[in-house]
Amino acid sequence: MALWHWWRNQVQRTSPSTNQRDLTYPEDKREITKEAIQQELQDADDVIYKEFTLHGEPVTMVYVKTMVEEALLQEHVLEPLQAKKYDDPRHALPLAGELKNDELPKLLKNLLSGFSILMFPDRHLIIQINTNKIPQRSISRTETESTVLGPQDGLVESLSSNHSLIRRRIISTHLKIKTFLLGTEARVSVSILYMQNIANSENVERLIQRVRNVEFAGFVSLMELKQMIEDKPYSPFPQFAVTSRPDTAVKALLDGRVLVMMDGSPEAAIAPSSFLEMFTSPEDFYNHWSTATLLRFIRMMGMFVTILLTATYVSVLTYHPEMLPPALLTILSESRSKVPFPPLIEVLIIELVIEILREAGVRMPTKIGQTIGIVGGIVIGTASVEAGLASNILIVVVSVSALLSFLPPNFLMSNAIRFVRYGMILMAGWLGIFGQMLALAFLFAHLLSLTSLGTPFLAPVILRQWTDITDSVIRAPINYMLKRKGMTRTKNPSVRPTDEE
Amino acid sequence: MRLVAIFQLCLLAALSSGCAVVMERPALEDLGMIGVMGFDYLNPRQAKIVVTLPEPSKEAKEKTQMYKTIAAFPNEALMTLSPKSEKTMSLAQLRVVLFSEEYARKVGIREVIENLYRNPAVGDNVFVAIVKGSVEGLMGAKYENKPEINQFLNDLLHPRRDTAFHSFLTIHDTIFRLHGETSDLDLPYLEQQQGDIQITKIALFKRDKLIGFLTDREGKINQAIRARLQLPDMNFTITEEDTGKKHVEIVVDFVTSDSKVKVHGGVEAPSFQIDMKIYARVLAYTGRRDLENPDEWVKVEKDLEHELDRQGLELLKKLQKLGVEPANLTDYVRAKYHGEWHKEMAEKAFANAKFAVHTDFVVIGFGTLQTSSIEPDSMLALGRNQGMQQALGHIPLQTIQMGN
Amino acid sequence: MDKGLIEKLNTFHVIFLVQNVIIGMNLLTLPHDMSAMGYNQWWILFIIGVLAQLTLIPMYLLGIRYPNQNLYTINEILLGKWLGKLSNLVLLVYSLLTIATVSEVYIRLVQTVTLPERTVRVPLFLLVCVALYIAHGGIKAVARFCILGFFATIWLVYYLQWGLQKGIFVHIYPLLNLSMFEVLDGLREGSPAVLGYELMLLYFPYIQHQKKALRHASIGLWISVATYVAVSFTSVVYFSEWQMEHLMYPVLNLFKAVELSFLERIENFGIAIWIFLILTTISAYLWAAKISLDSILEKRRAIYFVLVGLVVSYPWRGVISLKLQAFLFEHLVIYLGYLMVLWPNLLLVIHWIRKRLGGINP
């Protein structure tokens, strides 16, 4: 019972809470004075306070040295102010914004993100001006979702660059970008993007609601936030698609989905998304429909094969040797005759070896990683067969299923599949092919129960509307795609006019 | 929320308890997969049972292990065999069941087959065959130029067009016919001849006991009557009365065959009208007819039809004499009979039956047979003719030629 | 939003709910159950289909008169609180017995065919766990699983062709070679196979297009009947009468006939994938039992699922005698099934009488 209570508390504690609060500036409003700022920013040595006079008027300037380009400050702030006499400093600095007297939290936030603050105590005027300069990566091609054809730029860590990458592709007044500050400590900007005329407003509302409800110290990556706003956080399957390609993001926007982006994360989460979309690549649309359909079939079949193949090896060898035709029986029993482990253990060992190789390869620098792959693949595989630790058929089976598990373009999905495979292998070792099918049924039941932003996750498998079939396992010729996906419940279902007007 | 937690706990419990149980189960390499099981006559109650299993180990000198025991039933045999082998004996991969002629004559195959059929480990696609002499002798002998014997026997008895003169009966079919309402068994008969195993004859059964044989030629005609679509090649020796040549050899390659059976009369004395429709190519022909000439062509067909009619009728008479009917004709009588049906009625009906066999033989081509003897022009014509035939499907040749 | 909708079952959900709940364990044994009919069994299934269709109509008529009530609440409205609760209890017992029968028989088969060295306890427990998981998602989850189950298993029909190839088609003659009494006997033996559509009245309030529910349910019913006929027909041509009489699971042997070049003995696989059909049946009845508990105890609680699951998966064998088990699983459950199929007729009559007398407002 104690265990039960502990478990239930854990479950409840990690569930998203439902109480609402405005989280942009939760602190109390206070009056802005130099002392107040100094008090707040005690022991922050990179904050610079400068007192000087401009045209006989005392001015206090505050900025954070590490976030501000000082040459920029000189050129764009001080020089215009000093150049000639003015009535109002705001005339000399048209881009500057005014802060109200009690907006200390806002001031502090902006100061820390690279604004310079000018205080004119005689005029009771506080202005802020953006002078920030953050070191940032230039736009480059994405590593995880590379394609041969099509646009090659990828999202970067800067939110504003990402917005511009998307704005560049959708020049429309309907593209809305809503930004929130999230994290009780880190105050990172999170933005929600959608097409107002296409996206279902309920979906937008719901996503905004979820994002605002998140309470957390701070996020380093969008991936963390995504896990907190997904429908079923316990599921091993990702319920929102994630892309690091602006073209995929734009495609999703135009289909009526809602995007979530975060400053500091080169990704965008797409909601709602479906199971099948985890198996599609933007390249499917750059290829001709026939090739794309073939590839999609291979990816889908690959998923089933990869979760069932090694498990079937275990169950057939352990429980159902009668299922082997004579030719296979001879080969298999010959190669198995020296192996000292039962099939389950044998499979687990080899699968784990592959997993370890993959993990080691990922953490290593690229060149060493390649070496490890080759050494692992060839040396360990061959040697273990020769030593009689594994049968050579198994090496083939495991490598095929390992390769297949990397087919889904979505990295999270490919990880989830690999996780599911272990469950399948254990069930196969436990209850044979019955266990396998039981696990498969459970898997399907689970997938069926999943939702992505309230729409069924398996939507295109079980069609929401007939037109969905044009972009499912089949990728129909582009001319046939007349409607947006059923699962987005869009305001505007037609992609293009279909009548001959 | 509570339920989620419960499921997670259950799943964890289930997964964590999963590994412990599995280890002790014998896996593939620990199982002795019996491939062939043979029964020799010992006394009315017991049989000498021989089993062979393939030996997968590369170090082993012999590719096949063979064990013998004395038992009444397959299950009992497994029990007494297990102490002799280092492996756990299993019937899961059983492919062939053999009976010696003596066993099949004296004991009958029913009990063994039923016993195997009842065993869920045994598949349904296990072939049954009868062996001349003893099974032990056949299986113990060395066959230098053959693959491993389990595989060889399985391949030999597998349905192939070349050996389609018997019915390829599996355990299921054997049970089907043993307990069926009409048809009797025809099983292949294996003989060992100078380091070879071959199917020489067809063993005929009355109920479950062997009582006679058919030659492979009769077997083919039996299959034609049973409406098997694919028949093996067949040769005929006919006399061409108008050209005066005797012993004309014709080898025929059947393309498709079909037969329709009509029954007249009641259960007591039915008369069967069997219409066979055969499309075939002539592969070899030693007669004097000019095959280019459509009229002559038709005459060849007529000759073949007569020959097949005669042989069919002869076969049926022979079967009637033996009192067995592998041709499954009385099923058509049953299909017209309302009320309870028994095997005895089928036997009685067959004993009193009258037969009429009519063959419609369509030669759809002569292959490349005549290339040496005919002119290039007419060869072209023939080729065109054949092409047209194929395009038109199976329209009998006569109609086309009359159109010409 | 999809959640929280009352009317959540669309056309396909209704069709496949009816279709897949019907097909369960009975298909495996159907040719054996009806072996007394010999080679004439396949067309009797058509008659059974027609009978089921006829009993579907009163259900629809009752449902359409009470569009927001399920059978349990209708019972309480029409029969009064206590009588209604009593009849709901009977329905609860029926659901439980059905689940117990189906899961038990299936697991026994699995154990005999694929796991001969195991006890049935663990597989049974896991099966019920998965069924509970599905049923916990509500009737819509069950319906969605039914659609999936249909597509996961329908291709097994392809494997009938091995049986058809070897089969002897003369077996179907003589047609109508049965006396009236034998036909009735066949109906008795075959009818339990189509039970399952009677649950329609329980999920009727959730159906989106209630007016068309009869048509959709009929489509589902006839898909099932067509499957039954296909399997039964293949059995008739492939087996002899003796075999149908003596084989417990003729469909198993139809699978055994299949020989693929890379896989043999697919009956192992066939029986294992049958779990989709079993799960749909069990989970639908689990859901039925759960809402029945809800209505009897007048509280909605998820824990009832666990209760029901425990009752069902508890090993019955040790507690009650074999004789009682046989009575419960082989006879009582079927009679209750017939009762449940005919129940709407009674309710309709009461509805009509009470309407005449006045004083009823659904």
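When the chains are written out, they are named A, B and C in that same order, and each has its own residue count from 1.
Everything below uses one rule, namely that contacts are C-beta pairs under 8 Å (C-beta built on N, C-alpha and C of every residue); 3 or more make two chains touch, one makes a residue touch a chain.
Only a predicted model underlies this, so the values are computations on that prediction, with no experimental measurement involved.
Participant: Measuring between mean CA coordinates, which chain is farthest from chain B?
Facilitator: That would be chain A.
Participant: By C-alpha centroids, what is the most central chain here?
Facilitator: C
Participant: Could you see whether B-C or A-B has the larger number of C-beta contact pairs?
Facilitator: Result of the comparison of B-C and A-B: A-B.
Participant: Could you work out how far the Cα centre of chain A sits from that of chain C, in whole Å?
Facilitator: 44
Participant: Measuring from the mean C-alpha position of chain B to the mean C-alpha position of chain C, what distance in angstrom results?
Facilitator: It comes to 41 Å between the two C-alpha centres.
Participant: Round to the nearest whole Å and give the separation of the Cα centres of chain A and chain B.
Facilitator: Spacing between the chain centres: roughly 63 Å.
Participant: Which positions in chain C touch two or more other chains at once?
Facilitator: 126, 133, 264-265
Participant: Do you know which chain B residues sit against two or more other chains?
Facilitator: 2, 25, 92, 121, 123
Participant: Which residue numbers or ranges of chain A touch two or more of the other chains?
Facilitator: In chain A, residues 319-320, 322, 324 touch at least two other chains, as defined above.
Participant: Contact residues on chain C for chain A in the complex?
Facilitator: Touching chain A: residues 1-3, 12, 110, 114-115, 118, 122-123, 126-127, 130, 133-134, 137, 141, 144-145, 147-148, 152, 260-266, 268-269, 271-273, 275-276, 279 of chain C.
Participant: Provide the residue numbers of chain A that touch chain C in the complex, in ascending order.
Facilitator: 202, 319-320, 322-325, 328, 431-438, 441-442, 444-446, 448-449, 451, 454-456, 458, 461-462
Participant: Which residues of chain B touch chain A once you look at their complex with the stated criterion?
Facilitator: Contacts found on chain B: 1-2, 4-5, 8-9, 15, 18-19, 21-23, 25, 27-29, 31, 33, 35, 54, 56-58, 90, 92-93, 95, 121, 123, 148, 150-151, 154.
Participant: Give every residue of chain C touching chain B within the complex, in rising order.
Facilitator: Going by the criterion above, the answer is residues 112-113, 116-117, 126, 129, 133, 136, 166, 168, 170-171, 173-174, 177, 239-243, 253, 256-257, 259, 264-265, 302-303, 305-306.
Participant: Show me the residue ranges of chain A that touch chain B in the complex, using the header's touch definition.
Facilitator: Chain A reaches chain B through residues 4, 7-8, 11-12, 15, 234, 317-322, 324, 326, 329-330, 332-334, 336-337, 339, 342-345, 423, 426-427, 429-430.
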